[in-house]
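Presented sequentially are two complexes of subunit A, the first with subunit B as partner and the second with subunit C.
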Partner chain A sequence: MTSSTNGSTINGSTWRRDALIAAVALAVLVSLPFVANKGIVFVAGTLALHVVFGLSWNLMFGQTGLVSFGHASFFAIGGYAFAWTAKMFPQLHPLLLFAGAGVLGALVALVVGMIALRRSVGVYFAILSLALSQIVYLLLSYTPSLGQEDGLTGIRRPLLSLGLTTIDLARGDNYYYFMIAMCTLLAIGLWWVVHGSMGRVFKSIQQDPERAAFLGINVQGYRLRSFAIASGTTAIAGALYGPWLQLLTPEIAHWTFSARPILYTLLGGVQSFWGPVVGALCFAVLEYGTRTLHGLSEIVVGCILLLIVLAFPGGLLGGLSRLGKRMAGKPAVAAKPELAR
Partner chain B sequence: MTAARQGGTPLLVATKIVKDYPSVKVLKDVDVSVAEGDTFAVIGPNGAGKTTLFKVLSGEVFADRGTVTFKDLDVTRMPEWKRVRLGFGRSFQVARVFPDLTTDENVVIAIEAYHRNAGQPVTRGLACKPSRETRDIVEDTLLEVGLIDKRHEIARLLSHGDKKRLELAMSLALRPRVLMLDEPTAGMSPSDRRAATELIAAIKERHGMTIVLTEHDMEVVFGLASRVAVLHQGAMVVTGTPAQVRDDPMVREIYLGSEPVHA
Partner chain C sequence: MSNDFSRRQITKSLAVFGAASAFGSFTRPSFAQGQPIRLGLISPLSGSQEVIGRYQLAGATIAVNQINQAGGVLGRKIELVTRDDKAAPAAGVAAAKDLSGNGVNLMLGVLSSGVALAIAPTLQADKSVLVVSAAAANELTHDQFSPNVFRTADHAYSRQRALAKLVAGDYPAVSDWTAINPQTAIGTSNWDSFVDGMLQFYPELNKKDPKITDAIWAKFGATDYKNDIAQLMRSKSEGLYCGVYGGDAVTMFGQAAAYGLTKKFKVLVDPGSEFIIAQAMGKNTPPGLWSGFHWFYGAYKGQKINDDLYDAYVKMTGDKYPAGYVGEAHTSVLAYANAIQKAGSTDTDKVIAALEGLEFDSCKGMRKIRKEDHQAICDINFVQFGPDDTEQGWKITDFKVIKDEGLSEAPAPGQPLKFLYNKKG
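This part shows the complex of A and B:
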């Protein structure tokens, strides 16, 4: 796989292509409430959050080579932080609360990362991130003010005052559009990080941390940064989730939810920025398509995913790019996703 | 046995370095003093401990005992990335580049690291692309090491010699005070070896930095070095000018064989 599929910003051609893809995707999402039923709009809104969830996980894995098994804990931290503060301090501006949830997620990541990233061994970080998600899960399940196993219910979609005008996010599809706008901003932010000079530092660390250190790069510091950025972003996605569902349960901190972004990334392709997007879309379509197959749904989805991963070791996009190269007559380069060192 | 130094302020000094691995004592009380402007060659048979000495000097591993100072600053326990910021640049015995990135991306990362370490802005405003200045330096550096035609190639696919050139370009981008090269011509054909030797000499001429290198090939060593140190079984046996080392009877016996050496 060439680097031009991921972050080769030297020729500057990627941003035009990516802006076009994003514009098409946005046009579809924005027009959806006019043409599709409520069920599909709900799936699409949830998908937008999952896309941010997957993209931020791959900021760690695809860029710095960090494997986190506990990314859902930050989704949950953001979700509960927003829902709880919105209930306790209804006078505060919702944008402030969303930002606060993100900052909290990033701060927790900084503290955890300072311990978990001290050793350069990837497995150490993976295990600690899993432990973190278990701790968050248990804390949420046992804290009375957070509803214990029943979670938080009746989370309201807030009023959004924008100076000149106030939008009631509880009306019609307003919250859906608000979520799409927020997720777009978060995705643009992640794209910018991946393709800018910080992304180049991350990439060098993923490729060979020791070599990077001999360029004067503080490897632990940058790993910590990627962890904090990914966690903060995911916490904001989690914060958006509460009012969307109007309900939060500790399940969103469960390790099975942490497996989602990993699955999205492997399904879509590690190497490409769009990998987790394609993976999440694929997953949502499969889930929606099999929703009536009671009891069989998981098995069917699981089998199809297994087939895709076996057929395309570099993910769907990896497979596509190899196919494209073969058609163009260039020799195919085997996909080889680098694991954390 | 150490020959008296002539001139030049010591830049990189290691004193009584001891380094053991579980099964072997690799370095035994090694002293090194590299003066500003030297081209300092460490020679010795395979397994003598040259690479380990390099690792200790550059911070890849820490010495068990002894001290390393750079510009009179004690760096014995300083991590490698901080030493780089003081002015260290190094290559590896087996060239290490970022394999899935292109040649120019590899160099961009090094140049941006240099600017960032020096507290200078890396890109303009919110731009993702490397700055005009960075791209100019990439071009200069790749021209200098002779890789300009391969700027868009994936580093993994470069030949062994070209990887070494790329590594050299990355080190140069850091504008180091001391450039450390571990076997810069290892595994090269005689003609590549000559080209590499000329390249190093040209770099020295142009930038004037201090160079520390290890080398197997005596022609390369005597062609480049202003001082030579001989490491044998983890101990420094002789340090001196190339002529002094070449004529040292002990060196002939343990390393060069009893044949006289032709420079």
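This part shows the complex of A and C:
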């Protein structure tokens, strides 16, 4: 796009701010195994995967205006593809398998998107994606080689050979660090897409697809790209999940799991890149904090989420940014038009 | 203004809540002599399986109270720390990690085999032990064996073979059997084990071969069994093994009543729904239905551990029908108490060594945990139900205790279960 001077200054300050936030978050995650117990480390590792899951969903929703109700299907496709190939072909390099899972996720999204995105966006696309996830769920629960309802058990954490040295990911917290590194790379990739020229094209489509088409943008093509990137990233997160839990069940393709990234995004804020991150973190803290309130946990978490959504209609970050503006003496109505949406 | 205030309040309380929950867990507890011995119970305490988790919680709580009243173990009291696994593998692993992270390395409970199989491989690295109180999958003591997992309850193979021994002995005229099973690993493994038992015990007891007709496979959690029932109505078999269990069995029998399915078959058996079918069906309880039990209190009347547990349960809950899960969770706590006493320590490795080969008394008599594959050898209980004219609508018409003499397979940890008679299995 052409708004180079303006764009680069905004990008410059955003880049510095985001890099600082990311560095702090990474420092916390890396030091966690030294200061916290295994329970918290397990929650944090799972949270890292959910952050990528949420970020990739918001690439479609917040950036491109595509609502998917079946994003979990790609998490499951990636997870099962990795676990099955790692079991059948243990000689293949794990990084190749993780990449393969991502490519498979993106390819499935391309094929599905070519059909589903041709005529339908909005609620039609949402329902089609929901149908896809239920198909994946049923296929997984009927396929004997994938363990049917019981899922795949005994998924091993692989040996990672890096030319000069080989790391056994099954030892200690090695897999946790590997997962944090992978999730960081995926998040950086998504940040780069959102803040680069492709992200600006996505944003223009989200704001007004007709005007974007009038400007000569291939709306269909870019929507497909957004869908494929989001799905590929999610598939890699799914692939990382198998060895982390050492077990996969068809539940990860269920629509209730597809609701997770939607909740994270609405909770944290749609308009900010960090929205799903804040949402997922908030959710994890709430779940962990209420884990001993047997039976009441879901009710407490649900009520708190409801309160947050009512108190901050634009998500936590949207609310904070409005609060900040009000504190600075600017009237609330001066918020950016997209925040008010 | 008031709106603003409440928002600030919410944010503030959320922040305090979040910080408190995070910091609360950062502090690592350390044991000193005289401090309680903490046992972690992992069980579904919310969600659809909570009804069963509640039984496990009751059984474990009663055992802990009884032990503490008698002076504890090694002079220390026992404390039960509970965690909800929601019968979901991911939540189960999170619960086990949370327990070991908080210094609770001795765990028990677990209803779902999926959860047990998910937790098993994580235990060794976390220096923890799990004593399984219910999950019956054969894999736990075979292909997926972990040196840190023990099972004090009966398993699928011994239970289903005991059921075959029961019907082969009591119903010699019924030689043709078929089944309706859920498409799950446990569904397949239960049926294969039952067939294995039939192929051994029927010829041994009746001097002729049984006929096994191919089973009908239904979707786990299905809501419509009409096609399957219609297929069963055309079957020539006289005995029906109803492998669909729990809520699915209630749905299936509810729909089957209209077709007269329960009258068509001479014998109906169920692998382990315990009281669930009778309590849900009331007056429509299939007459003569044999159901597998983890523990049936009525079979051990007069034995102190059994009677004390039953009385404590009725006093605690007001419910007169404790499910077998109560007894099995109670047993797992007793196993720990015996092992800790024997080891003189709560150290994980020492407790593991003490559990191996442990013989101890329980609500269904003496049990022995095999050293090789960590499977307990114990009695297997069955109860027969039928409809009744009372308000309750059902009654217990008979019960059986089958001793595990030649029911369990030879220990083979790390290797898949080999069926001796059922070559298809």
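FYI, the second predicted complex is superposed on the first by the 319 of 341 C-alpha atoms of A that agree within 3 Å, B and C clash if a C-alpha of one lies under 4 Å from a C-alpha of the other, contacts with A are read in each partner's own complex, and residues count from 1 in each chain.
Just so we're on the same page, contacts are C-beta pairs under 8 Å (C-beta built on N, C-alpha and C of every residue); 3 or more make two chains touch, one makes a residue touch a chain.
All figures in this text were calculated on a predicted structure; none of them were measured in a lab.
Undergrad: Could you look at A:Val103 and tell me whether it touches subunit B, subunit C, both or neither (first, second, both, neither)?
TA: Neither partner.
Undergrad: In the superposed arrangement, which partner chain does A:Ile304 touch: subunit B (first), subunit C (second), both, or neither?
TA: In the superposition, A:Ile304 touches subunit C alone.
Undergrad: By the touch definition at the top of the document, which applies to A:Gly196: first (subunit B), second (subunit C), both, or neither?
TA: First partner only.
Undergrad: With both complexes overlaid on chain A, does A:Val67 touch subunit B (first), subunit C (second), both or neither?
TA: After superposition on chain A, A:Val67 lies in contact with neither partner.
Undergrad: Counting only touches as set out at the top, which of subunit B and subunit C does A:His294 meet: first, second, both, neither?
TA: The second partner, subunit C, only.
Undergrad: For A:Leu160 in the superposed arrangement: first (subunit B), second (subunit C), both or neither?
TA: In the superposed model, A:Leu160 contacts neither subunit B nor subunit C.
Undergrad: When the two structures are overlaid on chain A, which partner does A:Leu26 contact: first (subunit B), second (subunit C), both, or neither?
TA: In the superposed model, A:Leu26 contacts neither subunit B nor subunit C.
Undergrad: Among the partners subunit B and subunit C, which is in contact with a greater number of residues of subunit A?
TA: C
Undergrad: Taking the two structures together, which residues of subunit A meet both subunit B and subunit C?
TA: Looking at subunit A, the two contact sets are disjoint.
Undergrad: Touching subunit C in the complex: which residues of subunit A?
TA: 35-43, 46, 141-142, 147-151, 153-154, 172, 245-247, 249, 251, 282, 285-286, 288-289, 291-292, 294-295, 297-298, 304, 307-308, 311-312, 319
Undergrad: Which residues, counting only subunit B, touch subunit A once they are in their complex?
TA: That would be residues 58, 60, 79-82, 84-85, 89-90, 92, 96-102, 104-105, 108-110, 112-114, 116-117, 122-123, 126-130, 135, 154, 170, 174 of subunit B.
Undergrad: Looking at the complex, which residues from subunit A come into contact with subunit B?
TA: On the subunit A side, the touching residues are 1-4, 8-10, 12, 15, 192, 195-197, 199-201, 203-204, 207-208, 210-219, 338.
Undergrad: Contact residues on subunit C for subunit A in the complex?
TA: Result: residues 6-7, 10, 14, 17-18, 20-22, 25-26, 28, 45-46, 50, 82-84, 88-90, 93-95, 97-102, 113-114, 117-118, 121-122, 125-126, 139, 143-144, 182-186, 220 of subunit C touch subunit A.
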